[in-house]
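In what follows, chain A forms one complex with chain B and a second complex with chain C.
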Partner chain A sequence: MADMKIGTYICKGCGLGERLDCDNLAMIAEREGKSNIVRQHDYLCSADGVKMIQDDIDNEGVNHVVIAACSRRAKTEAFDFDGCAVSRVNLREGVIWVRPDEEELRETTQEMAADYIRMGCAETRHMNPPHPNENRGHEERVLVVGGGLSGMKAALEAAKAGYPVTLVEKSGRLGGAMADVWKHIPTRPPFDQLVDNPVPALAKEIEAHPNITVYLNAHLTRTSGAPGRFSADISVESGETVTENFGAIIQASGFKPYDLANLPEMGGGRIPDVVDQMGLEKLAIEADGGPIKRPSDGKEVKKVVFVQCAGQRSDQEGHLPYCSGHCCLTSIKQAMYFKDQNPDIETLILFDDLRTPGAPGEDFYRAGQDKEITFRKGKVTEVTADGGSVKVRFKDLILDEEDTEQADLVVLATGMVPNAGVDIEALTKPNVEGESEGDEAGGEENAEGEVSVPVESILNLTYRQGPDVPQLKYGFADSHFICFPYETRRTGIYTTGPVRRPMDAEQAMEDATGAALKAIQAIENAKLGRAAHPRSGDLSFPSFRKEGCTQCKRCTVECPFGAIDEDEQRYPVFNESRCRRCGTCMGACPVRVISFENYSVDTVGQQIKNVDIPDEFDEKPRILVLACENDAYPALDMAAMQGIHYSQWARVIPVRCLGSVNTIWVTDALNSGYDGVILMGCQKGENYQCHFVKGSEMAHYRMSKIDDTLQQLNLEKERVATYEVAITDIERAPKLINDMAKTIDEIGMSPFKF
Partner chain B sequence: MTDYNQQMIEKYRENFLKEVEHNVEEGEWVKMCMQCGVCSGSCPFGPYWEHPPQELFMMIRAGKRDEVLKSDSMWMCTSCYNCIARCPRGLPITHIIHGLATYAKRLGLAPKEQPTAKFAQLFWDNLTKTGRVNELKLGLALYFKVGEGLKTALENKDLGLAMLKAKRMNPFELVGGHKCKDIKGLHAILAKAEEIEERKIGMKA
Partner chain C sequence: MPEAIATNQTILVVGGGISGMSAALEAAECGKQVILVEKNPSVGGRVAQLYKYFPKLCHPKCGLEINLRRTKANKNLRLMTLTEVTAVEGEPGNYTVTLKKHPRYVNENCTACGACARAVEAEFDDEYNFGLGKRKGAYLPHNLAYPQRYVIDPRILGTPDAEKAKAACKYDAIDLDMQPEEIKLTVGAIIWATGWKPYDANKIQPYGYDRYPNVITSVEFERMADPFGPTGGRILRPSDGKEAKDVAFIQCAGSRDRNHLKHCSRICCMATLKQTTYLREKYGDDYKASIYYIDIRAIDRIDDFHRRVKEDPNTRFIKSKVASITEDKETRNPILHGVDIEGYHRYSNPHDLVVLAIGMEPSVPADAFPAKVRFNEEGFIVPDEANGAIFAAGCSEDALDVNRAVQSATASALHAIQVINRVAGTEG
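Up next, the complex of A and B:
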């Protein structure tokens, strides 16, 4: 930029003034860093210090600010200058706190600080002040897909917060699975009496709400766009298609009960008096408060056995490996249907581990025991028809012996299967092998040659990555169950209820409220052109230089969030509002044409190049550390706060995600004489901790190929190391740096110093 | 006594849990056990019980009447109250265990040769005879009737002599011994109490 004016501000507070020669740093900022204005302040984050900077911005035209003070993670509010490109030079946590305060070490500590000043100035020279993307939508309407309990609650909460809502339900009535439930688990202390089903009241509230439009017998045939400007084609009851625009989407497509017929050894599908929990709800509704009658001959049930964990929490093939979370409470509730009607009916619950999560939890379990529901810890081996009754064989796990019970009715707690639409990751596999693309209905043959049932898409997204949101585990659509609930890997689309993870009605309603909040947040962020979680508020977005692009599609394939589509010529089309700003596309690009205004191949590359590399005979190695700003960089900051020291040869550069690391940085660093390179990212793989889901994994994959480069350069492969570092690795992260320093000591300096 | 046992079997048929709830002190708590096993893990005698408390409660729910009532497990309880202090469900476990022992004894199902049960009977007989505990006789009975034996008796002889010297034990207790003032009155009280109790639990009309 022609009118770039760099102001570098050096803080002397927090001991920086005493430990470092700040005049020397100022000189470097001016001469080498090409700063137009360099000022020092005793206490830069004070009102006076901030005013000094603001005055330069207002009166001297400074638009690039370099703050040489504490970590970029500290004092973010004080050093927030609108419209300016701001670089943070970490002299406190990055230099003086990680080095011992000893006279003979002053020289190397000063060199460290000087290098960071050079790096900060170089970074800002290649940065532009970010401005919000122009391609943003202002749509406020929320689309809720699914009219079950979660969907109804999400619609109501969004509408009550003032956002118009369109609710699309595939069946002919609201309520979903929960509409077919007789009574609910109590939600208030003392948690001992069953309460009425909340569905009818919610449905009434929705029908009466002026801000909610409901389409019954409807589904989505096409969904396109991005947060703030989604467009959906809704096929409605009359057969017509309605097209509406939305700001955000909540997918509450619910669950299907696990198919009873998969459990023939437990009588599922074979014995009429063996039902699942939904089957018992049906019997209870039919009984309408009177005696519950069994399906086979209409006889009043005098003894009922509930079998927990039927076909779930099992490693048997075809069973569900997970716990559905609600079934223990549901069985207690259903046993109460009998006990409340007639206390003499025998109710036995055979459990493995009785799990009662949520507020009613233990109190409700106790209430069940108090009503004389019998609980036995046992594993059912077989359920058979025995004359007019059902015989349950089981092993009592406390008494360690086989036993049998005769019952009129057996209820299997079978668990929930998410209704998440098409598993797009399974879809893309045959495509890789060059098979027909766009086979959206699934139906591919699996290894055993069995044809799986085609799954219908729920959203029918026009994204290049596939028609539905990616699934995390066991078909549940989420991106991380613990760290980022609701966040799918499709920005602006939030899943809620049992499609996200197994849950009961009470949890689903709470979950739906959260999803409504996330949807509103996405709408508001989209309006301002800002990023959503986890770089919430970030205005920068990726763009590419078309002349250089080779249409290799790596960016579109590797984007963890499906933000990038392709045009007819296979050039990338960035949907800025879908972007989470991780930079994985930037790391992927082999020709390095993708960049952000304030984060690019150059902003980091120039930092690497501007470090002073001393002569080989000076015995002063240089170690480049590319540390993920989410976990590794904070871990190093915290190590500094705890006074843990690390090597004076390290030069740490924070990156948005390890996925944004372009291998050119590593190659350049090695070429220009760095002795070692360390990459620190988050945990990858099945239990990943990466804030951008796949970033760390991509980086590890790319770095596995770095050996070729090292070989070409004739360098030892120990010089490059990639680690998974957690935010809690406060002692380990500095140790990894020290280990590299030791390794360099052993294998010697790099021969590439000029 | 066995008549009473038969009477109870007929009354409760298959439902042993109900029988316990109605007849055992604090028995209504048995259904509230959640089988966590903290009681069994806390019991200092845990390894010596055939069925620790958690298992007893499960057996009651599983209707194992004979196995529970004929078991010597509840006679192993030393009333240390560890289980009560630790039970997350607040079950008065010690009391239930003693309640079960009492009930088993009443039904005539308690194990005959169990030392604790035997000693308890000795103690009761010793006490009710004169209204005062005759420690010399009780001690000797422990050694020679319950089966501690001559060896243990001889091991404790120095202690016995020291007690004699300190006038804590009187050798003349062996013949007769002291008694309370109105021994007849005491026996009448006990007989009446037994009668009331038996009427209450339905052993007598």
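Up next, the complex of A and C:
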């Protein structure tokens, strides 16, 4: 990198020229900000303004650009200068739009702007334009774990896009649970005709595809690496282990049917003619279009009762609390097995809510009604053997009365249990308190702190955070985000199908196609060293200064994405392509040796230090606001757009995540005379909104410890406040700042002003 | 955003709602050239009008902000707003698409300073708020509107307001002579993501949406709940502006009904359950919610949200298809008539406000579709070989919730990429 040459460009448009003394700002940028070139422009985002900057880059060697204009969220594309470090100084949404345009307030508004200029210049002096990391992999092969319907589909779709695939299936055949299903639910007209199971055709396609390698009776014994350079040891049928390299991984490890034996009150495991849905599929395959015979004595079934939500949607211990999504459609399909063979067979479906959403779902439901399948809203209380038949006692919820039905066969819709491998959070719980609660998985901790795991791992990852992907809820390895169903916590590894979320076969196939895209995207990102969203395209990555590191392991423990391993000496090993660039490691590091090229303890710390702190008797407090760039910062921008004002004492710095906030910033601010510090992060807890998982939670925890510092400094604890702020808190975010200003008014100025 | 040159290796995404944005971004982040067209002045679609998402009760604008950030950062993606597709010809790997670009009357010089809006006096019904509030004749559709560029309502053209707007702009951003343009593009694959619109509540005659002011739709209720919506976040009766505390929700309003939409719109049950939590948020314990339903379709693992709402003593569930609504002339309370079929009780229940959980129908009707694709009876696109390289995403495919829509969009992005990679493979 050539010598640093800073160009600061001050916009006078959008009222900035009228509201602010831009010559004064230019002088500050030059003298205090040490800018080599300072220029003002009436309209900086215009083609002419941008050209002015580009000319300085091309002809004057400017490589650090400070744009003093609007928010970094506005005109982002205009102020994008390749190869330069760019700092945005927010004079519009951050200063003039949040301050009243009154003569007597001009001075403090100008001071606000001046500080932001100092901050922007300080930031850029400690920033470098990021370069892609050296540790990139270029492997294009996709590993698909699980050869059920989801896995088969994912493999085929990735291969069709031109990427080679290895498919690992633990059993001796492809198809998973779906291979044992007789017919498939139609998704287009005619809805009264069941369609062929898609598994055999898919299996044939996979076998014929030159770019798909299949290992049956195989499993992963070890998976290491990162997107673009994963390496997996596959134990194959012969007993040998083959090692292959992969660019990305799709986990389609499927589900197990909920165990019938858990429902003795419904005859599960006790009465041979009470089967689950998979049991009925088996009978249907045996019958192959002929009369379906019941298991106990082979008698042809003349009457069948389907019990929906058996052991599901229940608060009862041991039952499933969720709805498995597919069972209503599946029971209608299975009732059609009987009706299509002999319309006189009585088929009754006892349900609570019949769930057949969408257009094809409702069409199929209607087709079932047309075939005279009976539907009754009822709650089953007991299923007993009664001579040669099975007796179902239930409460009819429409007639509000107890009723019984005698049937030859009863089918319980029991739902699906995800097969997600080891619940790593129950294993280690590397929570913020630093306590280990290793017993939850039922494992035992031995002397080395290793935990024996009762559940078999799917991936056997060598990651410090555990051998499998984190589970979200009820054992499903799903994304936590509604807008981002594939937002994984293990970059480059995507779960799909019923291991991700309960779903029917049709949805699973679509889901698998989406997962294949994400795998391909991870491969393409890894080649270039780019981050996945929310910091899409970011090339920066964390590195550390080994001399200063105390091997405390905070960074490796707290990384929400399992991106950091440890070497033999317990130094961190960063896997850049797993990293999502949140900076949680940087916030965690007690000795401050972790940094990104364009985001570091210094890029923020120096902004804090460069704010002008007036003498105590000037009665001009300073409030440091560290705001999450995804929620709180946009909320403040939008407040500005609405003309909502906030205190002139605030100095706002956007941070990648509250998790990246190193407590040194707060203690330094307090030591250097700031009167208040506010941290604004996302919602934490069960419904956390932090896309970096625990950033906000961690910041809250770390700040709870700041009390000691405050006590040492003899400062009031009200001077530091941490809040959860949503992007919609357009009125509240400014209010929190104003509240702090009021608090300072009451408790007085900080004595630490020098 | 740089000008991307469209070729037969370009993917066209039609519709800039959550599905279209997701499809476009996923493809662009795989390194593909993508053009995203949106008929409105800004992207975000229906989710930009939602206050919260079920079941997390998080804010849709959070995800929108992330997607906007991805959009701003991606040089492979080119966005065209106020643009519609009028014709599609050709075959996979080589389509000619005709676009119609409507004038915004504001060019890229706009800095979003807001001077034009301050200068203009005329006000119009605000589409963003379903007409529940007003906006200026020069406007930014909402706080997170992207592109962050004002729009001139064509209705002020030729009035003094138009000249005032022009005079107020220091940046020569207002061009009142802008004309509609026709643009032809060559693209290799097309993702169709034009989404859904609320079913016309006026057609459900027995519910009197057109006659009774205190009968509103779920999408209108959503805007009311938003603190930056037309009522400042208060749930107000349109008849008298009083706070509504006894609110009825009618499920399957227009859905699962042979006279209206045959299909189940999937989202309405969860949306209603979510909306009952808005009442708790606003009123604490001082409210009543009544849900009239056929089946509560809180499908898959989010059924736990359903069970949580069920435990709320202020919310009751009545299994009933409401037969009709009348109005108490004095209080203007809507009165719901029907039979609670759990036990067969007839009821005539007055409420402060009635919310119709309105169904979703495809935005572009099959008979107005500019390309040859296969539809089902309900008007959704059915995946079919005959569709060539036109792939449906989100609610063009079926009535889907946001999570499913994004899943669908991600899958459709891969289908488009498969076509593009085939083209690239043969052409290099």
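As a convention for this text, the second predicted complex is superposed on the first by the 717 of 754 C-alpha atoms of A that agree within 3 Å, B and C clash if a C-alpha of one lies under 4 Å from a C-alpha of the other, contacts with A are read in each partner's own complex, and residues count from 1 in each chain.
In the analysis below, a residue touches a chain if its C-beta (ideal position, glycine included) is under 8 Å from a C-beta of that chain, and two chains touch if they have at least 3 such contacts.
Note that this is a predicted model, so its numbers are computed, not measured.
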Fit-or-clash call for chain B and chain C when the two complexes are aligned on chain A: clash
Partner chain(s) touched by A:Tyr486 [first = chain B, second = chain C, both, neither]: second
Which of chain B and chain C A:Glu237 touches, first, second, both or neither: neither
Partner chain(s) touched by A:Gln369 [first = chain B, second = chain C, both, neither]: first
First, second, both or neither for A:Asp707, with chain B first and chain C second: neither
Which of chain B and chain C A:Asp403 touches, first, second, both or neither: first
Which of chain B and chain C A:Asp745 touches, first, second, both or neither: neither
First, second, both or neither for A:Asp615, with chain B first and chain C second: neither
Touching partner for A:Asn687 - first (chain B), second (chain C), both, neither: second
Winner by number of chain A residues touched, once chain B and chain C are compared: C
Segment of chain B that clashes with chain C, given the candidates 24-32, 42-50 or 132-140: 42-50
Doubly contacted residues of chain A, that is, touched by chain B and again by chain C: 354, 366, 377, 398-399
Interfacial residue positions of chain B with respect to chain A in the complex: 17, 31-32, 34-35, 54-55, 58-59, 61-62, 64, 89
Complex interface listing, chain A residues touching chain C: 13-15, 43, 45-46, 70, 74-77, 157, 160-162, 188-189, 313, 315, 321-325, 353-363, 366, 377, 397-400, 473-474, 476, 478, 480-486, 501-503, 507, 510-511, 513-514, 516-518, 520-521, 524-525, 532-534, 536-537, 630-631, 634, 638, 641-642, 682-683, 687, 689, 691, 726-728, 730-731
In the complex, chain C residues that touch chain A: 1, 18, 22, 25-26, 29-31, 47, 51, 53, 56-67, 69-70, 72-74, 109, 111-114, 140, 143-144, 148, 170-171, 226-228, 256, 262-264, 266, 295-304, 307, 319, 341-344, 376-378, 380, 382, 398-400, 402-404, 406-408, 410-411, 413-415, 417-418, 421, 425
Chain A residues touching chain B - in the complex, by the definition given at the top: 354, 365-366, 369-370, 372, 374-377, 396, 398-399, 403
